[in-house]
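Remarks on the structure that follows.
Going by the order they are written in, the chains are A, B, C and D; count residues from 1 in each one.
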Amino acid sequence: MEGISISEFGSILMMQGFNGLSVFSVLLLMALGLAIIFGQMGVINMAHGEFLTIGAYTTFVFSYLTQTYFPSLMSTYFLFAIVGAFIFAGLVGLLVEWLLIRHLYKRPLDSLLATWGLSLIMQQIFRSTFGAKEVSATLPDWLMGSWQPTDTIDIPLNGLFVMGLTIVLTCLVGLFMYRSRLGLKMRATTQNRVMAGAVGINTAMVDRMTFVLGCGIAGVAGAAFTTIGSTGPTSGSLYIVDAFLTVVFGGAQSLLGTLASAFTIAQTNSTLEFFMTGSMAKVITLLSIIAILMMRPEGLFSIKVRK
Amino acid sequence: MIGEIQRFTRAKGKSLAVGALALLAAAQALASNPPTSQVNTTGLRVTDTEVYVGQLHSATGTMAISETGSIQAEQLAIEQINASGGVLGRQIKIIQEDGASDWPTFAEKAKKLLVNDRVAAVFGCWTSASRKAVLPIFEKENGLLYYPTFYEGLEQSKNVIYTGQEATQQIIAGLDWIAKEKGAKTFYLVGSDYIWPRTSNKIARKHIENVLKGTVVGEEYYPLGHTQFGSLINKIKLKKPDVIYSIVVGGSNVAWWKQLKAAGITADKQTILTISVTEDEVLGIGGENVEGFYSAMKYFQSLDNENNKKFVAAFKAKYGPNAVIGDVTQAAYLGPWLWKAAVEKAGSFDVDKVVAASPGIELTTAPEGYVKIHPNHHLWSKTRIGVWQRNGQAKVIFESDLIEPDPFPKGYQ
Amino acid sequence: MSAYFLEIEDLTVSFGGFKAIDGLNLYVDRDELRVVIGPNGAGKTTLLDLICGRTKATAGSIRFKAKELTSLPEHKIVRFGVGRKFQNPSIYENLTVFENLEISFPRGRGVLGALFFRRTQDVIDRVHEVAREIFLEDRLDEPAELLSHGQKQWLEIGMLLMQDPELLMLDEPVAGMSVAERKKTAELLKRICRNRSVIVIEHDMEFVKSIADKVTVMHQGKVLAEGPMDKVQADPRVIEVYLGH
Amino acid sequence: MTISKGMQWSRAELASVLILAAVILIVLPLALDIFRLNLVGKYLTYAFVAVGLVLCWGYGGILSLGQGVFFGLGGYCIAMFLKLEASDPESTKIQSTPGIPDFMDWNQLTELPAFWVPFKSFTWALIAMLLVPGVLAAIVGFAMFKRRVGGVYFAIITQAIAAILTILIIGQQGYTGGVNGITDLRTLHGWDIRTDSAKYILYYVNAALLIGAVIGVRYILKSKLGKLLIALRDKEERVRFSGYDVASFKVFMFVLAALLSAIGGAMFTLQVGFMSPSFVGIVPSIEMVIFTAVGGRMSLVGAVYGSLLVNWAKTFFSESFPELWLLFMGGLFIAVVMYFPNGLAGIVDQFMKKRAAARAAAPTPPLVTEPVAPAVGALSPADATASPAPQPLADQQVRA
């Protein structure tokens, strides 16, 4: 390798390490909302990608409005957009739960088909509202470019941001699930719905809140992904398969499992990509996931239950 | 500077000619409205006042992002033609079908347009895959397709007029320019994993190695829809190429450019030449993410000539002031005009006669300047290099001579 | 080689550290009817699960007719002669009583066998014979979901009889039955126990007394006491953990 | 259902199959021109997949979201044969290597890859068309069902397989034709499959095969194996403890469904004249599940009607509203899942029951005017062995 010094090589290794972590946080962020909905409720939300897209479009709208009416706030609008994405995606989630999902809790495979129909409808609504072409939110300067600790190391700022957001969000979700009253109710409902109902938990309300929370988190993820990806009617569909694999590979009912599986998949893919072409890396990663799932159908982490 | 002046005068001269021609055509159309039995001997859907054409693009699915511009441009062209008297005195009616980003659907709809609707011509397709899917149907049913996208070449059909550039037109002039201007010797080829990027990179590699005497230090393909390019960017950094030659498309495109920028790869440190970014793509990528990088295209919205000014104004009047026009959109706009010219030259809507009349048809009113149909059904056209600005427009900094289309280039296969 | 029909030695299984069965030893003779009793959570059902292969043992051995069962898959254990009735009646509610019994007929158990299975006269005869035994002969054409709870229990026992197992394991066969049904069930059990070994888990002491030869008392995954009913009932340890509750 | 009749066909079942045969063999060919009939022929190739899904999903409870993989593999095997026939040295003489498929030439292959060579034989292509998908389904099935992977996990793993295969096919374009697929297929042993007469013949072959498939699967469902499938859905554990190796039954169903899909794919290739990797992906696989759901997941003839209806709707809506048809399709899917979980067959069944009840109750009308309870046993007159599918009403009540 001509023209590459040892220190430069070291820098690239370091950046590659960071890349693995960055891919990990992206995977985790896209899977988190899904993991909550799927893990806690057993509902397969095929429209998860479209909830990501809601977040992305919300960011675009915020960016557009800020640019038009409050140009001075351009540097901070993004934070509001994230909150807005959570609220907006959550509200749509509330509506969808009320109209659709609550009728299908007993039929997980049917909820899959219905949410597939939902995703078609949502895509068309995006297209009719925002046009078929992609749009791009103007990002604040502090989210663009790279941070250079040395001459040869470039750490992507958007990667850092997504990573930070993922950590904060994961901790919040963890605290919520394991420390709050509602979280306790959610876990109780997951483990024994009948019993939870019997001790006075309004399981219908808990389900609704769970779904709204999952959708809201998807919205946040979508907002964050405007920094690294596209915003268009079908952008969400780019993420859906990866998100499902992450959740299933981790073991559906365990947040820790989702964490571990996102880490494993991200590191495998990112490392393989460094040594071979991207298509091959993807195939090998997917094949390994399937092989492991065949050996451990319940995923990496799962709650052991006496059958 | 001199080039610019020359271009200006030429454009001006041409626009005069254009005006005269248009007047002539209108007069002709009004004067003569030949009987249908004479202009339609093969049972196409032509009446004394109307002629039906098909439009076959993806209005839904992932490709709608790209194909919407073509749909709009073709409709604009047809509207303008109708306003100026139509074709052979007949108004053009459009039957629009949705290919839904799905190749089998394209085949189904193409067949419907040709067999059921008996349309006189079809303006449509975007991806090579959709064209390959409909090609046998057009050949079997003897239809006529105007295909707008720049593509990999290696194809020539009696039933297709290719209004975009074939690969050599787009690639070779761009590489020559970058080698000369930037003294580039080492290239890193990157593409989405399908036939157009692979074939284009193959041509690029041959040209780099055999003609430019440079080296290709890497060639990488990522699945369509891939969104994580961190590893690739690190690999590129490892090789330090003079030029990154990029043919990443579709959903991946935005991720690729945003992540390049985030990894500190900016125009002041790295030269990137791409043949897959037009104004349409920049809309999604954001001008700030491609600022300073180069695209090789035959058309940019910012082209400074009278034809283009009129075209851009008309397009914005119809589709809003924020509408943008990319290379393919312009090429799609050419389709109806080229068809009209060929039909009028042939004096008939019959596909065989229109096809026979097509070679040699010139369009001096083309927004890109001037095009002419080659006997191989591709267009003579120029290749331009544009450097992207923050506002999402490109500044044209180089313009080649008219390039002869060569879909089966010797020495590049 | 010992002479016991079923030999369980040092059997242990743990769920996440909790030992549901802890070094258990149990021997059952040919044609013996053994009743296993014990408080809730003693590991009775787990013991049956282990024998029939539903749960895999952590350690120890289960030998039946001198063959090790711990490594066999469930269906092979069944084919080797072990039948198991579940605690809740486990029948096919969408099939008729006849079809329920027919499916349990030990022929055509492979894919192709099932595909080309013919309802021959011997199948029909056998179904009728078993149906008579479980008091359901006049209800053969009815969907099984229409049966009463007790009748469902009988049907499941009947399904086991179709297999003609050499070791029959029944988990609370009279749970949820009326007094009359219990009496009939006790009769039924006594009849079907001829020529095979039976392990019964039961809570109902009256019922146990009416059928048992020998009783095993389990507690915390171990055998606490074993012997004839009256002797076991008099055991102070048993009284403390079980009857004392 | 009575014992003596248990394994025979009821009159209603016979009638439903005869009506289906009449519709696709007589009514449609008479009513439609060759272009529309060819479209129907294409839809009917999807019906093979739907019939397989009735067996595998409706009866077996195994939802595969990867049936497109088998459809595609079957189609590719035939497409490879046809492509080789279309690539004779004469018609490919402008290539640098004449005699090989055009896309290989574009990718600098200079000779036919070894795995293509056997596909010069039609016999081998036919064998491979069944063997390749069958073996793949058997491997996947064994690995999954032996370890008791099921339900949602299985659905998602089949999706992953579809994703992998798509990436492989698209990535290895020199060998597979890549994203374009294998296009421009012309003749079968010199017989031009693009002519109208060929299309009629292929339509009838396809229709006859499909009716054969319906009858064959019905036969299976009538056998003890069919009863076992119902038993499996009711109490899988009980079946296992009746001495059955449950996994092998599931593998059998999955393989059979895969083989049916493969036949559908092969017929698709012949009728449409090309094969595309887009079939192998996730979207068509889910769509095919939806055809089944619309027709009624427990009804074989329903699956055929479902495929016809959804595709007709898709064609109709997309021709009439090219920009908005997705809204209609999405709405249709949701409506079917939520309000008609038993699909068309369920609607027909309810109607028949009401009529029967009305007739039976004619002497004492006041007592029976209230609606008949949702179907419990039979779902349609054609599927008297069906078991209950989920009922949304009951769900709502439980959760209210």
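Heads up, the rule we're going with is that a contact is a pair of C-beta atoms (placed from the backbone, for glycine too) under 8 Å apart; a residue touches a chain by one contact, two chains touch by 3 or more.
Model, not experiment: these values are computed from the prediction.
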From the Cα centroids, identify the chain that ends up most central relative to all protein Cα atoms.
D
Among the chains here, which has the CA centroid at the largest distance from subunit B's centroid?
C
Winner on C-beta contact pairs when B-D is weighed against A-B:
A-B
Give, as an integer number of Å, the spacing between the C-alpha centres of subunit D and subunit B.
39
I'd like the Å distance between the centres of subunit A and subunit B, where a centre is the mean of that chain's Cα atoms.
36
What is the distance in Å between the mean C-alpha positions of subunit A and subunit C?
49
Could you tell me the distance, in whole angstrom, between the mean C-alpha positions of subunit B and subunit C?
76
Where in subunit D do residues touch at least two different other chains?
167, 170-171, 323, 326
If I count partner chains per residue in subunit A, which residues reach a count of at least 2?
123-124, 127, 279, 282
What are the residue numbers in subunit C that touch two or more other chains?
54
Which positions of subunit C touch subunit D when the two form their complex?
52, 54, 73-75, 78-79, 83-84, 86, 90-96, 98-99, 102-104, 106, 108-111, 114-117, 119, 124, 140-141, 143, 156, 159, 163
Can you check the complex and tell me which residues of subunit B touch subunit A?
59-62, 64-65, 67-69, 193, 220-223, 225-228, 230-235, 237-240, 251, 253-255, 258-259, 261-266, 280-281, 283-286, 288-289
Subunit B-touching residues of subunit D, taken from the complex the two chains share:
35-36, 38-39, 42, 94, 96, 103, 106-108, 167, 170-171, 173, 178-181, 183-186, 194, 272-274, 276, 278-279, 283, 315, 318-319, 322-323, 325-326
Complex contacts: residues of subunit D adjacent to subunit C:
1-3, 6-7, 220, 223-225, 227-228, 230-231, 233-235, 237-246, 248-249, 252, 377, 387-388
Contacts from subunit A onto subunit D in the complex sit at residues 38, 42, 44, 46, 100, 102-110, 112-114, 116-121, 123-125, 127-128, 204, 241, 244-245, 248, 252, 279-280, 282-283, 286-287, 289-290, 293-295, 297
